[in-house]
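What follows is chain A paired twice: with chain B in the first complex and chain C in the second.
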Partner chain A sequence: MSVGRMDARIGYIAFNTFREAVRDRVLYNLIAFALLLSGAAILVGEISIDIERLVVVNLGLTAVSIFGVLIAIFIGIGLVSKEIEKRTLYTVLSRPVRRWEFVVGKFFGLTGTLVVNTLFMAIGVFFALLYTAHRFEKMDVWVLVALYFIVLQFFIVCALALFFSSFSTPLMSAVFTFALFIIGNMADDLHGFARITHGAGGWLATAIAYLVPNFSALNVISQVAHGDPVGGRLIVYNTLYALFYSAMAISGAVLIFQRRNLK
Partner chain B sequence: MTLTRRTVTRRTNVAAAGALFLSLIGAVATLAAIDHLPRRSIVQESLYISSPKVLRRMSLGYTGLLADIYWTRAVQYFGERHHNGSGDFRLLAPLLQVTTELDPKLLPAYEFGANFLAPKPPDGAGLPGSALDLMKYGIAQNPDQWRLYYNLGFLYFTELKDYAKAADAFAQGAKLPVTSPFMPVLAARMAQHAGEFDTARMLWFTTYQSTKDRNIRENAIGHLQALRVDEDVTQLEQVVEKYRQQTKRLPSSMADLERAGFIHGVPLDPTGKPYKLTADGRIEVQDWKSIFFITKGLPPGVKSPTPALIPKSDAK
Partner chain C sequence: MAAIEILDLEKSYLVGFWRQRKKVALHPLRLTVEEGEIFGFLGPNGAGKTTTLKLLMGLVFPTSGSARILGKDLDDPQVKSQVGFLPEQPYFYDHLTARELLNYYGQLSGVPGKSRATLVERMLERVGLTDSAGVQLRKFSKGMLQRVGLAQAILHDPKLVFLDEPMSGLDPMGRREVRELIQQLRHEGKTVFFSTHILSDAEALCDRVGVIHQGELRGVGSVAELTSQSQGKIEIIFCAQKVPVALLQLGAEARVSGDMVNALLPEEQQDAALEVLRRERIKLISLTPVRKSLEEYYVQNLGPAEIRKGVGV
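On to the complex of A and B.
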């Protein structure tokens, strides 16, 4: 099999995953998002003081993140199991498609869906910003950086959902992924705990702190809401971290899926 | 007569739609009745989770949004109690503490929060100590924000009458790279204990100039008008006293003062109406209900009205 054909096969699986997600009305969440954001932008000035822009950014980006994470988990856990259940996996694998190509294609399909979803939501956030402030400001650029970090977060969550779904039931995969999402948001606390613990416990805490995904560094929502800049080095490191971590989880998923008895 | 399958389906749909509508009305009506029941609001009087650390962990990193929610809750809590004339603001300080610890850069929470906490009830919570703590925490977290030093100085001057500390706060704020040109002047005035009316006027003028929020600007204009009334009434009553000392009787009208050469023309209040001279020699504002925050020129036993504090969205 040539490299070019391998790319085409992964692309085809990714496109089908995207099409299936759209057919499953995943993008309907955009309606809820639009209602939430426009409602908040209009109402917050009535019930609070001096935080219109802050609320648009905080609520907008938090909603983008939460909606995306939920989609990543609930679609990601069914990517493999649904294909097995509907027996379509056997049809796919009976063709010249390798198992790892199937996993990687599924990953790109889901992340592609989330990128498109985030793109529409980002347009919504910027419209709401324009509505509240009547113009764009220089500091709004940092909102784009926060959105980029949220997309990186989706990469990791998608990879984790796919990893767990490669060996576990959909329900347990959802529980594991969501648990890691929560733990990953407390990563700073874990690192702090590891620093003050000594001996074997310290080593264990440090190992756990470095093994669980660190979502804290990927969350700069509050920072950009105040218009504070995000350092270039953090952008580079976060990008590398998300790529490495996603690659690690996808590699794990491939390793397990390769050995899985599908009969 | 047998009904067709289509007719049965249509009847079922109509019945279901009717049941849905009636149930909705019933649910809304019942809830409205529950809302009108006289209940001691135990639920509203609690903070559920008062630890900012716990809340920070529970927020899963979305601390900014949670801080916005708590700040809105603090505004609503204060606005509602202020509107009802309640003197009980026990949750205000904890709400502001949670808000600012979740988002230490949320400047409105310090600026407005201190102004909610410091004044005596019913205008505020009567907790100047908590207001000072809040403002000092704000400065520790945002040492480059001149407005926080300005608010601290304002607090020392208006609520605590501590001129030395007010001068110190204004002087520290004046040293920042980005600051107001009024800060060094205010620091000097505080140090000298210079004329209270002029200083207060400068403070409110700085407040007016340094914000784009229409509510705050209107509030500052209200205070500036009130200062003018208080100053006018003080001066006019001094004039009346001089007249009484010279003529051994009280003036019967403003025209008497004018004829005696004490004033030139009848002075007008900020609404354009002339001040009223009472039979016992006091000066009163004719339409005192239309001027907020005044402390002088009011009929005996009357307090000046204060504007509603619940903000409007068109405050730009």
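On to the complex of A and C.
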């Protein structure tokens, strides 16, 4: 029997992870999201004058981001630890599957789930926009860019959750990842603080500012809510940054997982 | 070629939080299992059987020593495509049906798409799960999960199959089915390495057994070798309705049942006992030296306290 192709094995693991999330009714959050957004859109349409679009975009994209990050953290922290705890991993790793292939497959499975999730939620956002404005405008295209940045955030959050869960308990992994998400959303402030701090403290603040994921650069919700465009350079920079940061976190998870005894 | 060569494989862990101390899970283990053999790895719970299997599967890493499977190092990717593994009390992805699970494992094992579906159906039939193939595993009983576990272990036609406590938790019917399956694997020329604490299973199936206790290999050999040591007694069965007095004087412990007498005597009284039977013109049915059973071998090598901890017969 041949050992098969490495990319195929990663694909099979990713698909199984996606299928598990779907069958475990993770995507049911979409119903909650759709109800919340429709209700909010109708309410906003009733009470606000001229700023309906601003409120719907802000509310919609923030909800997409929060729902997605929560799913990324709560599934991400269990991706590997649950498999060890339930020993499903034993029968997978007793096949010609390398440990790094398993980790990468799991990552793609979860990010795939989140992309599909975001796609459905994006339809909800655009439906709410259509309901309030009765038509689409040219500037709505920037909402798509903001959604793309949100997906990039999910990539980083998934990778971090996977990284922390490779050596920590699920609870601590959730705390670490969520804390980094909060701190990362204040990355611009951290950079500002580092600039005005001198000496060893300044070095430390700079190091931390560069080490934490820069989620504030990936957050253009307010900007697109006001109809402002997003520069092409930022799109390229954010894409490269998210891919690099995720790859680093996944590499860390793989390095730890490669050496781990599965007791 | 040896199917498994274990060369001083050792595993120890550090336990405790503040004052860490070393706990040896497996003392240096040296063991060879030949191709086509059914090898039973016996020991009470916590003896080191699962640790050994995990080491061979690359799930835990050895503190020292090495092992070769089918002539290749453990980290050789080719090894795992020729090996099947059933963990103890297996738990599978319960969101999948039995058919989906086997298909998934077939994919991971590199079974080509064209033959996979046929192979999965054949395997479901072999373990008697055709009717439940479309049911999610979360609805399966323990016995059914064990069957799925066996199916996934042999799905890709491996040369060597590792089974960790394959009969554990099964009812008598389930145990019999697993025994039959292991025997089928023997006829197919596969090597089977299975761990168990149920001695009767090992006695019935194994070409050779290894006895492990507290992480240390206590003995290896065929069941006959391990149990061949005479107890210094003979058993004679003859046709009679009562026990001759002369035989009782030789120290016989006898039991009469109908027209037959079953008597146990010291080995050195064999000739004298036969002389008594000849003299009294009694028909001899059989004379056999009394050997130790695997259970008695166990008791002698492990001690009664450990037996109480979890060895089944």
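Quick notes on this structure:
Here, the second predicted complex is superposed on the first by the 257 of 263 C-alpha atoms of A that agree within 3 Å, B and C clash if a C-alpha of one lies under 4 Å from a C-alpha of the other, contacts with A are read in each partner's own complex, and residues count from 1 in each chain.
As a working rule, a residue touches a chain if its C-beta (ideal position, glycine included) is under 8 Å from a C-beta of that chain, and two chains touch if they have at least 3 such contacts.
For clarity, every value in this text was computed on a predicted model and none was experimentally measured.
With the C-alpha superposition on chain A as described, chain C and chain B fit side by side in the combined arrangement.
In the superposed pair of complexes, A:W142 makes contact with neither chain B nor chain C.
The angle formed at chain A by the C-alpha centres of chain B and chain C is 150 degrees to the nearest 10.
By the touch criterion defined above, A:R19 lies against chain C but remains apart from chain B after alignment on the C-alpha atoms of chain A.
Once chain A of one complex is fitted onto chain A of the other, the partner contacts of A:L93 are limited to chain C, with no touch recorded for chain B.
Of the two partner chains placed around the shared chain by superposition, neither chain B nor chain C is touched by A:F163. By the touch criterion defined above, A:V55 lies against chain B but remains apart from chain C after alignment on the C-alpha atoms of chain A. In the composite built from the two structures, the nearest CA pair linking chain B and chain C is 23 Å apart. Overlaid on A, the two complexes show chain B and chain C touching no common residue of chain A. Note for the complex: chain A touches chain B at residues 42-52, 54-55, 57-59, 62, 65-66, 181-182, 185-186, 189, 215-216, 219, 221-222, 225-226, 228. Contact residues of chain C toward chain A in the complex are 13, 54, 57-61, 77-78, 80-87, 90-93, 95-96, 104-105, 107-111, 149, 152, 156-158, 162. The part of chain B that touches chain A in the complex is made up of residues 57, 60-65, 67-68, 71-72, 75-76, 103, 105-106, 108, 112, 213, 215, 310-315. Remark: chain A residues 1-4, 8-9, 12-13, 16, 19-20, 23-24, 86-98, 259, 261-263 touch chain C in the complex.
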